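A, B, C and D label the chains in the order they appear, each numbered from 1.
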Amino acid sequence: MPWGDVALQLLALLVYPGALFTGAVGAVCELGIGLLLGGRAGAAEALRHLVGVLRELPGDPAALLAWLFASLAACGSSVPLAPAASSDGNLLLSAVALAAAAWLGGMAFSGEEGGARRLLLGQLCWLVALLAPALSALSLRPQALGAVTVPALMPVKILSGLLYLLCLPVLLGVPVEPRHGIGEPASGWWSRGGAAALSTRLRVFLWLPACGLLASAEVPPPPADPTGALRFLGVVLGLAAAAVGSAAVARRLGWSLQLRLAPPLAGLVLVAAVVTMVTS
Amino acid sequence: MTALRAWFRDPRPGWWLLLAGAAGAAMTLLCLLGRPPGTLLLPPPSRVLLAFSAPAVALMVWLAPRGDRLERLCAGLVGLGSQAVLASVPDLLAVAVLLVPVGFAVAARPGRRSLSARVRGPALAAALLGLGWALLRSPGPAWLGRLGALGVALGLVAVGGLVPYLQEVEDGEPAETSYLAWTGFLAPALALVLPFRLLQGHLLTPDEGMVVGAVLVGLGALNLAWGAVGAWRTASLAEAWRDSFLVDWGFALIGLGLFERDGLAAAYLAMLAVLGVRTPLALLARTAPAAGTSPRPLALVLVVLLAGAAPFSGFPVRLLVLRAATELAWPLAIPLLMAMALAAAHALRLARALGSPRGRDAIGLAVVLAVSLVLGLVPGILRGLGGI
Amino acid sequence: MSLAAMLVPPALLAAAAILSWSLGHTGVGAGRVVCAPAAWLAAGVEAVAWWWGGRVPLELSLPFGLAGAPLGVKLDSSIFALQMITLLALALLFTFQPRDPGRAALASLVGGVALGTLAASSLSLTAFGLSVCSGLVWTALAWDERTEVGATWGALSLAWVLLLWAAVVLEVVGGTSVYSAVPVTALQAPVFLLLAAAALLCAGALPWRTWVSLVWRRARPASGSLAVAVLVPLGFSLLLRAYALGAGQWPGGWLHPLLAGLGAATALAAAGRAQAAGSVRAVRAEAVPLGAGLTLLGLALGTPLGVAAAVLSLGGLGLVAGLVPLLPEGGLVASLGDALAFGAPPALVFGGWLLCVQAALEAGPVTGLMGLVGVFAWSVGLAAVARATWLPAPAARSGSPVGLAVGAGLLLAAGVGLGGLASLVAAPVASDLAPPGSHGAAVSYLGGGAVGVTVPSGSWPAGALGGAVAIVGVVLLAIVGLLRRPGREPIRPLSGVEGEPARARRSVSALEVKPLIEPPWRDLRDRLATRLRGLRVPSQYRSLVRPNAVAAAATRGRPWFWALVTLALALVVTR
Amino acid sequence: MEAAAAAGAVLAWLGVSLLSLADARRGLALGLVTTALGLALAAAASGRQPSAAAALAAGGAAGSLLRLRDGEPGWGLMRPGSTPRLVAALLVFLAAVLLVGAGLGVPTGVARLGAIAVALLALLRLLTVERRSPALGSGAALALGLGALGGGTGLMAAAVAAVALGTLSGAEAPGPGR
């Protein structure tokens, strides 16, 4: 038994890019949302939310398991400077782990299937976005997909990237229902109690794997050095901001952008992938 | 000795029945010994068949109420003797002639239906067989030979009381006067010797052989379908049991009609199964109480047996008849497959009729299961004994 | 040693059956005590003897036949794998499911016959064995209760009948149905389709609700789980045999995508049923069909990776068949068990499904799309597990905590040791049955080791990363267990037994919990059945079509009817 | 020889026609014995073993004598409703002629004509009769007719069958179990 490899993977799982890094990036994203949407008050609300999550964590197996699966998903995407070889990445592994983590949050929708239905629909479209390029490139290694710059594959990559961004808020449990009228208290994003409590509580663990997967599968892999790691982090945060921004804008304008656009776009991505497969 | 004495403590039946029983036993013995030589000759398959018939008779006697046992024994011995004679007489015309008195002897036993109603089937069978055989051997145009071939084939079907010559079935009719006497006991003997008699003398022209084969295969398929659906759908349980015989007979007729080694072997095993398994089960079903709410495993295993699944007697029959049909023309196998699959449907109903037997019935059932297992597991040995 | 591996396990189970039955009749209720050790011992003997014997294939032919079929048994890597899968599932069930001596004896007998059937050296003998298994399984099911036995009996009867015909056609066309002697050219597409139909009916790998789902919805799941543990591997063994018969490929390239598509459809349909199920038990009933669909997807690809992945996935199925009946109806542990059965990492089910999908992706674009459908099914399955926590749990079964621990432990251990299983068990099967180059599609490379599995499209460090996840997960759950102080309920437990979700659960009845996705064809079967039942012969034709009148005339022994038929036939033959 | 065979065949046909038109013991017995004698004459004329032919006649005669012991007394000929049987007797003869066809030129063929006519007519009667005594008589005639179609064994078997059927009681049993 290669205990050395186990130790390295344990380190990756628990520290970088696993639990610790996932939690840190998640916290940054949550605070960012607060700041973006509610200024200082929003940031304070986000901070309270994070403290609450940390306090409740030890007695909450769902949250712990979600964190574990999210960390596994993060390990599956190729993150620079990760202790384990980046060639070990596997999109499918990350996808399943992330789906499992999301559904641990999805259990919160008991009695109101609408949320769960949205999550499932979004997840299926997200899978199309994630795997369509893999179908064309016949590979599930994120860095290999990210490195692909063949012109024939670019349409699929671009379309699937768009679809991924569209589905990201649903996957993360960011509210996407149309909300008419301007001005929403930031607290609406961390609604306490009620069905969405768990999903919002677990969201903090999903930011890095969800956005990191897109970054590693769509963007050419950064060099394995600190600058590369910072670049990767920047891309992740940028993607998170884009996802939240789009969701917030659409929400305020009273559009259900994700739910309306995602399914047809997923169909389009599939068609493009098939055409690419046939022609290449 | 005491048990024997207890058996014979019954009220004596009519002298003629005792006489007939003795004559039956004597005829059986003569046929087994082949005396007089040339006149009576029992082919090996019929010997095995006779060996399977004896336990069936014993079971019938054993299951009868104490007062009726000697009478049943005499009737059974007459049946054995008739079976032996029908199988031993080499001349088919003589067989057809002898069918008439045998038919009357069976019909003359007290029963609900009139003698004339019960004798019609055997009489028609005798006429078809005799006239057909005569036409086969007589010089004349080709259509006459084909007509004769048809007569012989239909004769066999009529002896068994199969579709389209079904006899009326009545609930509560004594076994020895019901359809069981012919479909389940006497007809198998004829079914086994008929192809040998036909093939031995090379009497059939290809044209006539085709007619015999086509009629047997066609009516076999019809009986198969009728039996499989009828046993499942019919309202009367007695009719359901009769229809289950039709399934076995359907396989046997198709096997015979294919005039092919595996087909004949299938028919041979099917007939042994009718005598050794189906008939005793039908007898048991008349005495066993209805199934309770919680069936015992023995009764559940019966469903497997009645559905023709392994390791019981139905499996080798199905394997061989499928092989024969596929060798000749694979589409022939499709109705066979459908019937095999449908057999699963009516097995449950028939097994429920056997209920949860206890005492004598349970022992009888265990014996039947053992016989069926032997037929299902080592058909090769039985084929060897029968020279097939 | 190979001989021992071939003969001892079935003999042990048969002996256990006889002993248990005898003890039962003497009033000693020691069914479990006898049969469970026999099953574990059989598994041990098989494994040790096979490895010690140098993993040399062995075939033993006897001079006499059985039920008209040539009697012979063989043991090779694929048979070893299938027998081990069956034995482990049986061992779990025998050990942790309560059975009275009679039922234990019957179950042990079923196991013995199943092992013998897996080792049969000819297709006709396999048909015989399948027929015996079907009969015994039916007996076990009907002995417990009458519900859902009809459909099972019908499907299994059809399966063995079709297999029998396939064997007969092989004998007629190729002169024999002995696997090692059948000419490659004898396996034509029609024979293969018969064989495949039998296999799919037996394994319940079809895109509608099959007997596999039905038997687990019964009040007493013991016999149902036995049937699944025995017959699902048996069904897949037929498709593996088809590779052996066709020298590594099926007759016709179109058969591979056809069956792979069927597998993907099966998985998706099972997942769809799971996410719409009305009870926890109904959700669990779809775990095996979902896995069977993905296994079929991998197996039908015809590539070495596909076959290896299918073997590993089948291993997962076997353990799931042994584990799921031991799960309690509700609670944190139950949900964890459900998650493992529905492909949560890092269990064996996850590893097997992962490789099946990757194999589909690597086999070509069309099968890649089927793989995507498989991933959809997988994801919907996980959603169904989450939804299952909202469903009301009947307080009927508490399951077997120890059994659950052992089963889940086995699943996790096998998942972590996926690399070892791949290189020691699955890869040899693949190289025996679908050697590289035997199929036109891409030949995939499967690297296995203690660290994990590596395939061109992406690796899964099951040993290292999976092991780490397993360790951390177990430690976390232990901590949570320790931290649960009285009066301090977790805010959101999985099971819904305690806390807020429990309130939610109590407030939500099964009828209120709607399906996540409502497929338009959900009640298509019922609608069609109603429509068919409504069909009538138009009134103006009824006087012509009167089958009942003909039947009545035929069954009452009317001489005029006899004369009519005879005359008609006479006219036909004399023309 | 041919004339004897023809006479025998016609006699047999007349006998079986009489049998089919009779409902009482005397008519049945007369019909049966006439049939047996006719068939025996035709068989002997067509070159079968005289002993076998004689046995057939004897069997038929014995059977008819035994028939006299029970059943409805009297002749019972041409009762109302017997017209179809009369027509059938004529039609059956024509059918037999059709079946034998070219064989009519030789004594064997003529003998077969008689036997076929007897067998067919006896069968028709047997299929339509309800009461025991006529059924037994027709059965015996059927056996005789079929036996006359064969060689020595057939003739002997027919004789035995006729006697055996004669031993069965023709009295109607009371109640449903007739």
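As a convention for this text, a contact is a pair of C-beta atoms (placed from the backbone, for glycine too) under 8 Å apart; a residue touches a chain by one contact, two chains touch by 3 or more.
Predicted model, so just to flag it, every value in this text is computed and none were measured.
Peer 1: Using only Cα atoms to place each chain's centre, name the chain farthest from subunit B.
Peer 2: A
Peer 1: Could you name the chain whose CA centroid falls nearest to the centroid of all protein CA atoms?
Peer 2: Smallest centre-to-centre distance to the global C-alpha mean: chain C.
Peer 1: How many angstrom lie between the centres of subunit A and subunit C, each centre taken as the mean Cα position?
Peer 2: Centre separation, subunit A to subunit C: 35 Å.
Peer 1: In whole angstrom, how far does the Cα centroid of subunit C sit from the Cα centroid of subunit D?
Peer 2: Their C-alpha centroids are separated by 70 Å.
Peer 1: Approximately how many whole Å separate the CA-defined centres of subunit A and subunit B?
Peer 2: So the centroids are 75 Å from each other.
Peer 1: So the centre of each chain is just the mean of its C-alpha atoms; given that, what is the distance between subunit B and subunit C in Å?
Peer 2: 41
Peer 1: When you check subunit B against every other chain, which residues touch at least two of them?
Peer 2: Subunit B, residues with two or more chain partners: 117, 120, 124, 147.
Peer 1: What are the residue numbers in subunit C that touch two or more other chains?
Peer 2: If we look for residues of subunit C contacting two or more partner chains, we find 559, 562.
Peer 1: By the touch rule stated above, which residues of subunit D touch at least two different other chains?
Peer 2: In subunit D, residues 127 touch at least two other chains, as defined above.
Peer 1: What topology does the chain contact graph adopt: line, ring, star, complete, or other?
Peer 2: other
Peer 1: Which of the chains touch, listed as pairs?
Peer 2: A-C, B-C, B-D, C-D
Peer 1: For the complex, give me every residue of subunit B touching subunit C.
Peer 2: Within the complex, subunit B touches subunit C at residues 117, 120-121, 124, 128, 143, 146-147, 149-150, 154, 158, 163-169, 211, 215, 239, 295, 297, 300-301, 303-304, 307, 309-311, 315-316, 318-320, 322-323, 326-327, 330, 333, 337, 340-341, 343-345, 348, 376-380.
Peer 1: Which residues of subunit D touch subunit C once you look at their complex with the stated criterion?
Peer 2: Those in contact with subunit C are residues 127-128.
Peer 1: Subunit B touches which residues of subunit C in the complex?
Peer 2: For subunit C paired with subunit B, touching residues are 64-69, 102, 106, 124, 127-129, 131-132, 134-136, 138-139, 142-143, 150, 153-154, 157-158, 160-162, 164-165, 168-169, 171-172, 554-557, 559, 561-562, 565-566, 569-570, 573-575.
Peer 1: Under the stated contact criterion, what part of subunit B meets subunit D in this complex?
Peer 2: 16, 39, 89, 91, 93-94, 96-98, 100-101, 103-105, 108, 110-117, 119-120, 123-124, 126-127, 130-131, 133-135, 138-141, 144, 147
Peer 1: Quick check on the complex: what are the subunit A residues that touch subunit C?
Peer 2: Residues of subunit A touching subunit C: 1-2, 5-6, 8-10, 12-14, 56, 58-65, 68-69, 72, 75, 84, 87-93, 95-97, 99-100, 103-104, 106-111, 113, 116-117, 119-121, 123-124, 127-128, 131, 134-135, 138-141, 195, 197-198, 201, 270, 274, 277-278.
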